[in-house]
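Chain lettering (A, B, C and D) follows the sequence in which the chains are written, and residue indices restart at 1 in each chain.
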Amino acid sequence: MTKIPVAIVGASGYTGLELIKILLNHPRFEIAFLGASEAAGEIAKTHKSLNFVIKTEVEKTEIDEIARRAELAFLAVPHKQAARIAKELLAKGVKVVDLSADYRLTRENYEAAYGGEHEDLENLAHAIYGMSELVGVSAIQNARLVANPGCYPTASILAALPFLPFADLSQPIIIDAKSGVSGAGKSHSDRTHFVNVNENFFAYSPISHRHAPEIEEKLTIAANRETKAIFVPQLLPATRGMIASVYIRLAKQIADPNTIAREFYAANQFVRVINEPPQMKFVAGTHFADIYAMQKDGTIFVQSAIDNLLRGASSAAAANANLMCGLDLARGLPTIAYAP
Amino acid sequence: MTKIPVAIVGASGYTGLELIKILLNHPRFEIAFLGASEAAGEIAKTHKSLNFVIKTEVEKTEIDEIARRAELAFLAVPHKQAARIAKELLAKGVKVVDLSADYRLTRENYEAAYGGEHEDLENLAHAIYGMSELVGVSAIQNARLVANPGCYPTASILAALPFLPFADLSQPIIIDAKSGVSGAGKSHSDRTHFVNVNENFFAYSPISHRHAPEIEEKLTIAANRETKAIFVPQLLPATRGMIASVYIRLAKQIADPNTIAREFYAANQFVRVINEPPQMKFVAGTHFADIYAMQKDGTIFVQSAIDNLLRGASSAAAANANLMCGLDLARGLPTIAYAP
Amino acid sequence: MTKIPVAIVGASGYTGLELIKILLNHPRFEIAFLGASEAAGEIAKTHKSLNFVIKTEVEKTEIDEIARRAELAFLAVPHKQAARIAKELLAKGVKVVDLSADYRLTRENYEAAYGGEHEDLENLAHAIYGMSELVGVSAIQNARLVANPGCYPTASILAALPFLPFADLSQPIIIDAKSGVSGAGKSHSDRTHFVNVNENFFAYSPISHRHAPEIEEKLTIAANRETKAIFVPQLLPATRGMIASVYIRLAKQIADPNTIAREFYAANQFVRVINEPPQMKFVAGTHFADIYAMQKDGTIFVQSAIDNLLRGASSAAAANANLMCGLDLARGLPTIAYAP
Amino acid sequence: MTKIPVAIVGASGYTGLELIKILLNHPRFEIAFLGASEAAGEIAKTHKSLNFVIKTEVEKTEIDEIARRAELAFLAVPHKQAARIAKELLAKGVKVVDLSADYRLTRENYEAAYGGEHEDLENLAHAIYGMSELVGVSAIQNARLVANPGCYPTASILAALPFLPFADLSQPIIIDAKSGVSGAGKSHSDRTHFVNVNENFFAYSPISHRHAPEIEEKLTIAANRETKAIFVPQLLPATRGMIASVYIRLAKQIADPNTIAREFYAANQFVRVINEPPQMKFVAGTHFADIYAMQKDGTIFVQSAIDNLLRGASSAAAANANLMCGLDLARGLPTIAYAP
């Protein structure tokens, strides 16, 4: 069967690498273009683990060339830059899954959180937020531009969704979230220096983190009422994975919350509602989200675990690409965790 | 100046080791007895890092011998066992700092959380909970039996205390807490196996953990109103340290919460209210608790960091012993962190 | 195309899990039996990461049942136990890849290193040591019993092989090796306690480790001269992976050692001779061995990196099974590393 | 008793911090000057763990000011820069312990390893290499300029010293060394990025590392014969500590090597010859070096463990300062490890 040619723009980062890894095992996609800001020779020069695995060259990102070769492009580049590329690719008929924040928010929320004016309002108007649990499968199937959700919003929203109908949303939802360091990308900083992370744990940008408006905007849509969140991201001394503890005040009595979550996700093959707190290690390497919920004193405690680079970025992007290209959501998505 | 002779019962565990380390540098205490369930030769056989540092022998715990030699005993043994030893030592005039849970709670709360009947109700009646921020310095100065607080309660209560006057306590306080693995002690289990902890993060005994009733009982006393907590302990892939994220619903508007915390702890030389989220690494090795607070949407987010083995156990015990022996609380307490 | 049914005996350990993970992705093998000492319900009860992935039940190991269902069995059980099971399976016509040490050594070396009498001398006589680089592909293709090499011997021998022809073997080869903790298995011990491993590094059983005779016996065969080794295994604060630094005294001048290694392994698609020291992370999750060599003052320094659970155990076993069942060595072997 | 005023030039790095920590507990030294390239306010702004501990200001390094206030200066600045400062301080009568490489080597070796011309040949001529085990205590007592040894040379030389009289030095000594990441300092680089270090292990600059000539030069002096080394430094996924595996070919038969080492270091209170392989964790936080030796097939395997930032830098500097100021070598040196 012919494979569908796709491009990765931003192949040199961690999410670019994860996309490559998924596509190498994907039965229906093939890598037609690996783009970066500069040509960089074989991809194994950039990602040494790909030595002997794939010989594709990293090329300078050229819109025409991508349009000539690929049906869909994944954009794994910084925000602002993503919108500029997306705009041109869409104009040339290439479908786009954008892993940046550029098309996730309303114009108002985007400009407040990311600064400056949004540079592609036209496409923003019809971009679809790529979380099928929230927007439905068909919206993504019909989309030409999908905004791939942020990692923290993915973990937070998946945990909260089953309980929104029972929530007292006059109070903020509390999200105490923890991420592995790979979420910070390859850039060097105090926050990614081994000595500062190892044997350490700390919050960064609590309450004011840019993922907070994304969480609030999407929960508001899901709840169909204004929803506030107290969002606290924290850095774990680990490379991969993310856990969100979500605390929701109840407006009414509910039955066993884990049963409610299990029923809510009964038809979802990538959300595992389990009988004990989720462990980051059991989802690392996969598209799974693991969820567990309890209640006490009128409050829900629900926890979700995801791989921040996969369900929180690259495998979610692949799931969206699957739908946009007429494939089953599940095609080629990673399910076998790295554990032990 | 003559030194005050003290005993450590339970010298072979991590908190025993930390007590030894503190006492070696303490200007007014000297180690008069190191006890364990069996004699074990020089302490460096048990704690190899003490080779060339201290030659004291580990002896079988004998009440009479301790009473003959020591003015005060630290009990670093499991609950139940602690009460049996404390009872006998107190009867012989030895002051006791008990690091177990045996004298921390009311009889009712103790028996509900730890099972069985409390075996020393007489001393339980006059035991003092050893957190000076909560009970005041003089109560500890006059005590002959101090129940050293648990690590999670210490981190949680120190964070919550400044905000109880402003809290809406009709709702539970939410405590999302994270601990290094040393809190689990030396025992071998799935939860302390390196492969299960490394590159992982997970909650254990959420809501039902035995420190929950301790937290609720003490917060209720501090607030002078029934106070509930949703307490979620989680295991970090790190050896030492603890961070508690505490979320408190406000009953009324307040000014800048960090200023409130700073004023609350203005006279406290071991609580550092800082201008950014605390880092576990900057308190590891010390008696300090670092605190930072923010508010949003009628909710306080306050975070505390402590060394679980020190402020959460052994240096807190030393602080209590200082007061019980007429010394300044601060004498000989560790202040220089292990960082980097 | 019909798949070849295979059994895993010892499905509950780490190497059992890795075998399952490989077989799930293998185009020609299917899991026909998962055995353990006791029936244990669905495998996801034992390996939680397999939840939603595979529903196969773990059964009590029954020789007849395995023989009825499987053409080949992987034995991932302790030595001694392995020989007892292998003997019976072979008698019933099932091919065996034994991951234990039971068939790796001559009787003399085995009994000296592992104690007691070897219980299956008959099969020992025709067992093949499953490293194709050493014994050739056809020996394994024709074998009905393959002794899968130990992890340390694999890393050590692959590094040393290209240089044996140039070595002064009157002197021992020095092997300074480092392993992740998963090599110690799931058992609880001081050596696997997180607190003892984290922020630590130490040698265990230096010189006397049981893999030393395996290394010496196989290098002796490869060199066709008695070869001695100083073998020092060390524990890394990491879960997966292994690096061996091998130092070999030269008997004669040689050209660039990395070129020699590259030519030696030119036809080997799973040995990557690279231009800088190998990194453990770039082979973790794969069957690759990465190798780099230098020389100075008449001495070769050559380093190899492997995944201790894969190239050092389970993917090597799969490679051997491929050959024993008439497949290409490379079929279904993992090549995509977990990095980042 | 009056304290001796000392300066730290380069207070903002890890070794600067460790010097501060030692001096805070030192009975006879007091910090008279903390210097950096720019004034930086209270030292706790730079090293946050020192908040509430010490309020000294970090000043711009001014030679005259240091000379006015301090009797001795520790230089914890990069090489080249160190020589420029040392030269001026010495001219003004300030004793200097230089933690850089500037005065460790002969001019020839220095210029070959570090490039450029040495800028202070005059002082280089009388600088003393600050390892008392090698040069004797009195040489340091009489020195006004001490070159503090590198971390790798310290670990390597301490391990090798007892065996040089028995060694076949026609062959290189093999040194397979492993260091925690703090050895790389605070600078950001791929090699200090958490994601690249965690769950990883690799050699860097094998054979060609700048510490190799230091090791060879000093071993040559100690052995009184030309001595070569194959030196392989490797990065551990840990913050602190260093282990060197040293392999030495014997020229003659020797008795038990551990006994030889124990007798060699019998009078040395900071070298612990132990009965099992040393563990990095048991020396972290201390000035101790732990050593263990075995032999096989005419080859010594000897391993040493040190804290790279202390025995490998700052506590060694303090020991040298003690001697240079007429104090006992041991005064105020840290002996209590961070373990657990």
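Details
Note that in this section a residue touches a chain if its C-beta (ideal position, glycine included) is under 8 Å from a C-beta of that chain, and two chains touch if they have at least 3 such contacts.
Because the structure is a prediction, the values reported are computed rather than measured.
Two chain pairs are in question, A-B and A-D; the one with more C-beta pairs in contact is A-B.
One of A-D, A-C or B-D repeats the interface of B-C: more than half of the contact pairs, counted by residue number, are shared by A-D.
Here the CA centre of chain B is 37 Å from the CA centre of chain D. One finds 40 Å separating the Cα centroids of chain A and chain B. Here the CA centre of chain A is 46 Å from the CA centre of chain D. Shared interface positions of chain C, i.e. residues touching 2 or more other chains, are given as 14, 182, 195, 198-199, 237-240, 279, 281, 340. Within the complex formed with chain C, the residues of chain B that make contact are 14, 181-182, 186, 188-190, 192-195, 197-199, 237-239.
Chain D meets chain B in the complex at residues 14, 17, 21, 24-25, 47-53, 182, 198-199, 239-240, 269-270, 272, 274, 279, 281-283, 285-286, 288, 309, 335-340. If you check the complex, the residues on chain C that touch chain D are 171-172, 174, 176, 178, 180, 195-196, 198-204, 206-207, 228, 230, 232, 234, 236-241, 243, 245, 247, 249, 277-281, 284, 294, 296-299, 301, 303, 305, 340.
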